[in-house]
Every structure is written in C-alpha cells, then in structure tokens.
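There are two complexes below, and they share subunit A, which is joined by subunit B in the first and by subunit C in the second.
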Partner chain A sequence: MKKYVSLLLLLFAPLCTHAQLKIVTTIPDLKSIAEYIGGDRVNVFSIATGYQNPHFVDPKPSYILKLSKADIFITVGLDLETGWVPALLNSARNQRIQKGGDGYVDASTNIPLLQIPTSVNRGEGDIHIYGNPHYWLDPLNGKIIAQTIAATLSRLDPGHQVQFRANLKIFTEKIDAKIKEWEGKLTRFKNTKVIAYHNEWPYFEHRFGLTIVDFLEPKPGIPPTASQLTKIISIMKSEQISIIINSPYFMSESADLVARNTGGKVVTLATSVGATETIKSYFDLFDYNVDQILTAIQ
Partner chain B sequence: MRILYRFIIVYSLCVALQAQSSVDTSSSEPLQNDAPIVPDAGSRIMPSTNPDISAIGDFRTSYGNQGPRNIEIYFNALEVQLSSVVDPYAEAKFLFSFGKDSLNGDYSAGLEIATLTSLSLPNSVQATLGKFKPHFTKVNQLHPHALSFIEFPVMIKNYFGDEGLFMEGLSMSFLIPNSWDIYQEVVVDIGRSATTPALDYGSGNRLLTTAQLNTFLDLSDNSTLGIGISGLSGVNVLERYTKMTGLDLTYKWKPVQFNTYHSFTWQTEAVMCRTDTSAGSYVRSFGAYSLFEYQIEKRIFLGTRFDYAGLPMSETMDERRVTVLLRLQPTEFQVFALEFQHANRNYATSVYQVMFRAIFGIGTHAAHAY
Partner chain C sequence: MIDMFTQEFILNALMISVIMGLLLSYLGVHVVGRGIVFVDLALGQISMLGVAFGNFIEKDQTLISIIFTMVGAFLLSFIKIKDKRLKQEAIIGIVYAVASAVTVLLISKSPHGESDISEVLFGSVFTVTYEQIVTMAVTFGIIGFVHVIFRKKFFELTEKFENHQIEEIGVFNLWNFLFYLSIGLAIVLAVRSAGVIPVFSYLIIPPVAAILVSRKMKPMIIISILIALLGSFFGLFFATQYDFPAGSSVVAILGAIFVLLAFVRWGVNLISSK
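Let's turn to the complex of A and B:
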C-alpha cells in the first residue's frame, strides 16, 4: 500500500509544485503585463483581442468556460467593460473571481485618473462616470498596473513572492528606460495639435505632450455626423492641423474624408497589444505608436 | 446601400460646408475636450448599494388589411427592472411589466421575473429560484424588448402566448467538463407553469419540468455555432400531460475587428408537441421558424423570418408567416423597427400587416446573454 501511495505522490508532486495560476484578463495589455510579472508561474488568456473595441465584446459562452476555471480575473474597470463583463462573471460559477473575491483584480486601483466628469448625462454620449478608462496608454500607469498584479500574485502564490518582486523590478526598470527613449523621440514635437476619432488618448496625450484638439465623434460613442466633420475640417484648416488619429476598430471612411478635404494624414495608432502582428508586448505597443506619430509628423 | 449611405454623407457634408462658409468661424462652438484634466486617485468612487435600475418603453403602431379596426397606435408596455448582487453568494433580479390589454385597452401591472441566482455553488453548478422564463427553446429566454423582430415567432405565440412561457420554481444548471474545452451546459427547471395555450397552471401536483442541453462552438474568431436540445413535460388545460421537444441552431458571424459595423445571424428552431387529450388519445403538432439578419451599417439591420406553427390542440390548423424587417439603432438605448408581415392561416383569411416599434431605455440594464 505504502508503495502505491509513494508512487502516486511522486506522480502528482510535480503537478502540485508547478501548477500555474490561471489568469483571465479583459484586454491583451493586461495579459502582457501579467506575463511579465508572473513569468512561468502564470497561464494568461485575454478575452478581447488587440484590434477589437474593448467597449463592445460579445460575451460568448466559451469565455464563461475560461472564467469558470480562472484563479485570477484582471479587469480594466471604470465601467469600460460594463456591457459584457457582468454577464460573463454572473455565469462563471466561480466565487474566487467575483467582485470582492481573492482573485478579482481591478487594474485601475491607484491609477491617477483623467477626465472625471462632474456631472453625468447620457445626452453627453458614452461618458464613463469614474473617469476616462484608457489609462494603460500611459506607460507610467503600466508600472502601477504591474504593482497591483504583483501584489495579487504574491498573495495567492506566496511561495514565489521573490520571483514576482524580481520580475516587477525588471519591468519597472525597463519602463523607466524606455520612457526616456519614447519621450526623447517626441520631445521636438511637443504640443503638436492633432484630431482623434474617439476620446481614448488622454493618457497618451498627457504623457507624450500631444494636444488633441477635437474628435470625429460629436460625442463619445456617437458616430461622426456631417456637421461634426464639417466643424473638424474647419478647425484643421484654421489651426493647421495635419494629423487625424484613428483606432484599429473604427472604419477609416470619416477620417479619410476629412483628410482628403484638408490635406491631412490619417494615422492608425494601436490601442492595445496585438493590434498588429508586430505588437507582441506592452513595450512594442509604445514603440509602434511613437514611430507611427514620428513618421506622420516628419 | 453603402453607396447610398456614402452619397448621403457626402451630400450632407457639401450642404453643411456651404452653410459653414458664411459663418464666422471665430464664434465656433466650444471644443468637446474642454473638460479640465484632473488627475485624481482618491475621489473617483461613489459607493452605493442601490440596485441597477432600468426602464424600457415599447411603443407600437400597425396597419393590417383585415378587420373593422385595422389601424393601431398604442404604448405596448413599460418594463422596469431592478437587479443587484445580494451578497457574495447570490444576485437577484426583479422585472415588472405595465402592459396594455389588447382587448379592452386598459393597462395592468404584472411581475414577470423575480429571481435569486447563486454565484458560488461548487462544481460549476448554478441555481435559480423564483419566477423566470424556463429553458425550453432559445428564443423563449428573451424578453420582447430584446427580440430582433417585433414579435415572438409564431410557434412561441401559438404554444405559450404573446410573451412566451413563464414559470415559478427552481432551475439548476451545470457546466459539463470535457477534454475538448467546449462549452456544454445542462439546465433543468421544475415548478409550475403559467397558463398558456399548451400548458396550464394545474390544480393537482403535476409540475412543469424542462431540461436543456446547450453546446457552443467557436468556429473561428469571427463565427460561432450554438446547438440546443430541450424537452418539456407539463400539465395541460385537460389536466393531462403535454410533452414537447425543441431543437435550436444559431450561427453568428461578427468580424472581431469591426464588430460594431457588420454582423450576420442565422437562427432556426423547431418544436414538436404531443398533447394528451384523454386516455389513449393525443394530438401531435409542430412549429418552426428560421430567421436571417444582416447588419449592413453600424446602425442598420435587415432581416427576414419564415414561420410555420400548428396549434397544441389541433392536428390540422396551422399558420405560415413571412416577415421582413428593417431595424435602426441610433444607440443601444433606442431601437426602431419596421416590419412587413404576411400571415397565411388555413383556418382564417390571409393577413397583411405593417408594424412599427420603438424601444427606448433609460438607466442601467444588464447585458443579455449571448
């Protein structure tokens, strides 16, 4: 009998010691950061892809299956995913990752938020009542997200706390080094005025010194109208603006129309990791966006 | 359609540009981004234990080619929903409906949904108790405001009434573990049925039971296939059993990158019904529908549905219906639908009907299941 027990222990011991934490994130940027911090201790799945609008993800049942087995769920929060995350979590049958559970991580914790509205009315479009939720587009906020994830991993897998801390240090140092490089590239173009399709770039704008003058959407979430495009054309001509920032999941017809009427350029920036095949990590995301802007301005 | 849409945009732009040229641009409206940028980590949370509250209005008009009163203009229903997590273990939902009686025109209030659903039972089990829509067929789960078309398919109306089937009781669902990582769910409901053409509340202890097996496959990043098999057993108005079997098939295509601009849905369902009428005798009937819906632009949907349905107490009476739909959704909070229907009943004259529906919602309404 003892022989069989020992054999079983030998068989299952490696599984126990090397069991990875299963993490589900809402967007691939959180996946990338979680992989940097968790290393080989985590197995991460992102629900949204990098070229998908994170406001509008279909809550497919296959995601429920992933969530039912997850140890950790990491969300952007601030109501960005309010149209699909509650439906998935309520069907996941997994108490660990419910709001308030050990494995529920709101990545917006400790983030200094921008554009917190003083009043909220649906007549103003899709306003996020807690503040603009696209905070991962400032790499310094990436450091805060990494700290939040590291704290959760350390709590749930204390045996590897040292590894998580070391990974956090490496990630933070790399961000600090890269941010100098990115800011250095764009410093000559500080305060360059641009137009954007949707109000999702305030953190990027804040970090890299661009000035977003107006948007193709007349109000957040409301598709461009003829009168809004006319107004934008007028603004671009009068203020000599030549760049229109589009996102991968917005069709470029409206931006192209404005560009044709003003001689401007449409630049499609990546909103998330995986937006193009070359953007494989959180660092690639900023490398790509900074290069795209540089190319457009020059 | 795309060409027409572009033409309208370009034409409107030209007209607006012309108008703009005569306006002093120095007095242009304030920019959208005038709101001050306020970095703030501390004051963003507004704690509240209030439930999510939403109200949804449903206004309709119709014209039909039959009957002495063939023009209808009416406010069909107001639905008020309250939902919230109760505690770490469960969530609750209440849905009240204030609907118009189609016969006398009076409004009456009713409780449609009142449920307590577990969030933390072990082994992938989820339990719901209260009043709810039982798991028989896919479309019966929906509330009228969530339907793609204005009305339920004829098979649902003929067997369960205009609003579909409701019951009071207990529902248990279970995710079936499998090595292929495929979503498979079994749901079993038991309780008392509301009175409908096929089923009755009943005076004895015979309860309504339903069971459904749902399988869901991701065919690709952009397309999915859902397959459901369901069964039902309950008491009918003759205090005998009615047994039904249902089959549903749903294919959805939505390009992940541009999922707000284009989509396609094909959904087909069929039910077979056996109504016991007396010892040793029964009536068999059948109902089915197939619908196609294509989103041609961000706000515009086109669809068509083909219906066939018998009646639970007749083997000979049936109805065939063709419906064509145009739906406009300015935002997710307003939906306008225009339908043309041709109904051909073998027990009455054919009916042509044009219907319009406006759905408008305020407040926080939870997302519907996929």
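Let's turn to the complex of A and C:
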C-alpha cells in the first residue's frame, strides 16, 4: 500500500511544484545542504555569499522581502550572525520563522561543539561564548545539519517525508564515501603544523588532523598586530611551519608579510560554498580545500 | 520591482530617515556655518569609544556611550581658537584621531574583541524597530523644539564663530554647550539607527548644497531641509528598486543632488559673468 501511495505522490509531484517550501539560509553551505535534502520540493535562497564574512552583513531590501515570505529560515546559530539576523527577522515580521517558530531552524542543534569557553578562558578573548560557530567545516557535522533540516522539512511537508528521508540517506552515504577520499589524501600530512589568520578552522583541523598552532589575529576580530606577527614569525621558524591559512575575506598583506619572512606559503582556503566559482556545492568545498592544502604542502 | 509603500520595513526606514533628515540638515546649517564639519565624526567616535569602554569594563555600553558623548560635547564646547592661523577643525580632528586610537587600544584588550561593538555601531534604517523610531521622534522633537524656540541665541552664536568674534563668546557659554549637547545626543541616536557615514552626510551635504543656492539664512535652511527630505525619499527608493544597502544609497543620492546643484550654480555664474 505504502508503495502505491508514494508512486501516486511521484505522479502528482510535478503538479504541485508551485507548493515548494521557500527556504532562506544565512550562509550558502546551509543552502547547499538544504537543496540536497529538499530536492525539487524546496526553493532556497542564501543571504550571505560564499566570499563574504558571515559575521557582518549589510541589510538589503531583498533579504527582508525573502524572509517575510519564507516558510523556513535556517541559521548557523550560536553567535555567528548576531550582528544582523535578529534585526532582519524583526523587520521581516514573519511569525513562522521567528526564533521558536515552526520554520526556525538552528543548524547547530546536536552539533558537538568545540572551544566552548569556560568562565576561566572567557577573559582571554573568545568572542564566541557558546563555542566556535564554524562547525560546517567538518563534513561529519554536515550530516548532522542534514538530519536537522530533513526533520524540519518532514514536519512541514509530511507528504514528502519519504523523499526527504531518501535524499538524506543519499547525502549521508556520499559524505561517508567522500570523507574517506579526503582523509586518504591528507593522511600523509597528519599533524602538520600550520598557522591560520582567524580562528575559524577548529572543526576542519579536528577532522583532517592538521594542527593549527597560532593565529595572525591576536584575538578573534582584532587585526594582526606587530607583536603578534613577530611572534608568529619566530614560531614558524622555530617549529618549521610553512603554511599560513587565510580566508577569502581577509586581506592577505599580513599573511604575505609573514610568508616572505619565513619562506612559508599562504593558502587561501574556502570557508563557504561559493567562495570561488568552482565551489558549487558542499562537497566541492572540501574537494577544493583538500586540493589547496595538497598543492601547498607538496 | 517592489512597491515600496506596501512594505512595513521600508515605511519605517522612510519615517526614521525623514526624522533624521529634518533635524540633522537643520543642525548642519550651524555646523557648516561654524566650520566644524568633522564634529560629527569626532562625537561619533567618542560614542564609539564609550561603547568600547563599556565593553572593556563589562558594563552597559549604551549608557556609558551616552555619558561619553555628553562629556565629549561639554569639552568640545570649550574649544575657542584665538590664534587666527588655527581653526577649531584642527582640534576636532585631533579629538577624532585620538578617540579612534584609544578605541582600538581598548578593543584589543577587551574580552570579546570586535563583535559586541560592531553590533551597536552598524545600524541600518531597514532594520530599525518601532521603539527606535519612537525614541528618535521624541528626542529629536525636543531638540528641534529647543532650537526653534531659541533660534536667535543659537544663530547669534554661530555668526560670532563665522565672523571670528571669539572674545565675545566667553570661556563657558551656556548656548554653546547646549548646541554641542544637542548635536551629541542627535548623533548618538542617529548613528545607531543609520551608521556613521549616512549621519555625517545628512549633517553636511544638505547645508553645503544649500549654500550653493542661497547665502541668506532662511532660504538656506529651507533648501537644506528640502534636500535632506529628497535625499531620504529617493535614496530609499533607489535602494528598494535596485536592492542596495540603505545608508550608502541615501549618501549617493545626496551626493548626486549636490553635484547637480554645483553644476547649476556654475552655469548661473557663467551666464551672469558674461
């Protein structure tokens, strides 16, 4: 019987495409995952682009309009977007997607967070009081995000539960397959020490076994200072570190300066889908980053 | 294409821009007349310093920022340069630079870095709340009322600054203090709703453009206010139609009005000199 029902649904699916769920996400990575799970049942728009710093977004009218009509809003959560999301949601006047609403999805749900500050180290400069929010940079967390999104889609569009569950399965299996490939490529470089510009790689580092020794920023959000750069140069020399990881939205001057003084290399890794034109999906993101690291180290 | 008048957030943006435009373009006539155009950036920076300090000592940022701005306005009202080689602007520039530097120093030693501070400073009129509009309407209404009632006092003072009659102003001048106080209050509130650069533009571009049209005080004030209102409306219209951030759009339109008037003025001069 169930089989027939889903067959019937498949038959009618093209007819109800107008009833697609309208989803707005804060970053393109969440958009990519939502599209894998929702398939043709969803229409997804991401507010931030992949080459933009997600901490800062200047509101444009279209963002508020999209939010006012959205069925689902997916946010990275923690305190990554506190500078702009509450204000946009407030202006959108859409009860469904307000915090606690039916269509409000906090993608950080169930994610094993890293760097949750204790009361002791809070004074040392952690800007993220709930833990580091760059968790989508671990593909295993991508699976958890996908589960959270699938649960919401099934709740709001129960008629297509089967389809969402099947998509989730495909996505999860693809991550499992790809993660072996990625880890395989990087396995020779396990425990390679690197320097990063901003503290946004702990999840990536954790998954792929790199060791980030220090950052060009003396503390998150504070541009590199002279004493910090001097310190980094001496660390890189004494520990023979040759890689500095930068992000697309940070100026490369400081990283270049350090590289010139140490003979190291600057690698710009993508923090989000869409950071370059070739990164079109969540999988491309890791393909790209793994390749960037490989070419830099070799 | 969006019909801008059907969207609540655009109407809110228009409302708060009109309130801001009305008062700031009026105060701007004094600011430009006295030759202190950077007073806005200096006071804005002092309010930012207050936010950074509040963040540093982990106390209420808004309150401390307002206190800082008030004290800053009080101190600025003492600036009277008797040496003709110098201008008040020089001192205001120094205040701006030092306040910016100290803000950076404080942030670099604050527990949470930049993120808390950016939240307070980068307002957009598209995301103002109803409460913000009410607060601004009331405060700006009071400031505007005081300025209209005592307009003679304020303009006498501005003329003295214009004519460099510094001796007549005295060491502490109540009206001078009130002037800086009103500018300080207006700027703290406006910056939070619209951001630093749009506020600076509302204060400076309309009066300067108005001077191009008329040198008489009354028409200048009226034209200045008209330009601010036109800039608000068409700036938001432009932002809505082509999907741009609000602040930059308003500044761009105000700039375009200025350029247009400068051309008209140039053309008129050309014809009348023949």
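Everything that follows uses one rule, which is that the second predicted complex is superposed on the first by the 273 of 298 C-alpha atoms of A that agree within 3 Å, B and C clash if a C-alpha of one lies under 4 Å from a C-alpha of the other, contacts with A are read in each partner's own complex, and residues count from 1 in each chain.
Keep in mind that, in the parts below, a contact is a pair of C-beta atoms (placed from the backbone, for glycine too) under 8 Å apart; a residue touches a chain by one contact, two chains touch by 3 or more.
Note that the coordinates shown come from a computational prediction; the quantities given were computed from them, not determined experimentally.
A.B. asks: On subunit A, do subunit B and subunit C fit together or clash when superposed?
C.D. replies: Result for subunit B and subunit C: clash.
A.B. asks: Touch test for A:Phe56: subunit B only (first), subunit C only (second), both, or neither?
C.D. replies: both
A.B. asks: Residues of subunit A touched by subunit B versus by subunit C: which partner has the larger set?
C.D. replies: Answer, by number of touched residues of subunit A: B.
A.B. asks: Looking at A:Ala177, would you say it contacts subunit B, subunit C, both, or neither? Reply first, second, both or neither.
C.D. replies: neither
A.B. asks: Where does A:Asn90 make contact in the superposed view: on subunit B (first), on subunit C (second), on both, or on neither?
C.D. replies: So A:Asn90 meets both subunit B and subunit C here.
A.B. asks: Once chain A of both complexes is superposed, is A:Ile64 in touch with subunit B (first), subunit C (second), both, or neither?
C.D. replies: both
A.B. asks: Check the residue A:Asn199 against both partner chains and state whether it touches subunit B (first), subunit C (second), both, or neither.
C.D. replies: In the superposition, A:Asn199 touches subunit B alone.
A.B. asks: Should A:Leu294 be classified as contacting the first partner (subunit B), the second (subunit C), both, or neither?
C.D. replies: A:Leu294 sits against neither subunit B nor subunit C.
A.B. asks: Give one of first, second, both or neither to describe whether A:Val162 is in contact with subunit B, with subunit C, with both, or with none.
C.D. replies: neither
A.B. asks: After superposing on chain A, which stretch of subunit B overlaps subunit C: 41-49, 77-85, 203-211 or 275-283?
C.D. replies: It is 77-85.
A.B. asks: Please identify the positions on subunit A that touch both subunit B and subunit C, taking each partner from its own complex.
C.D. replies: 56, 58-62, 64-65, 68, 83-84, 87, 90-91, 93, 122, 129, 218-219, 221-222
A.B. asks: Going by the contact rule set out above, which residues of subunit B touch subunit A in the complex?
C.D. replies: My answer: residues 6, 9-10, 12-13, 15-17, 20, 25, 28-29, 31-33, 35, 37-41, 43-46, 85, 88-89, 91, 117, 119-121, 124-126, 175, 181-183, 185, 214, 216, 218, 221, 224, 226, 254, 256-261, 298-299, 331-333, 362, 366-370.
A.B. asks: Which stretch or stretches of subunit A touch subunit B in the complex?
C.D. replies: So the residues of subunit A in touch with subunit B come to 49, 51-53, 56-62, 64-65, 68, 78, 83-84, 86-87, 90-91, 93, 95, 98-101, 110-117, 122, 129-131, 199, 202, 206, 212-215, 218-219, 221-223, 226-227, 229-231, 233-235, 238, 248-249, 251, 253, 257.
A.B. asks: Can you list the subunit C residues touching subunit A in their complex?
C.D. replies: These residues of subunit C touch subunit A: 2, 7-10, 12, 107-108, 111-116, 118-119, 122, 124, 126-127, 129, 239-240, 243-247.
A.B. asks: So in the complex, which bits of subunit A are touching subunit C?
C.D. replies: Residue positions touching the partner: 55-56, 58-62, 64-65, 68, 79, 82-84, 87-88, 90-93, 122-127, 129, 218-222, 225.
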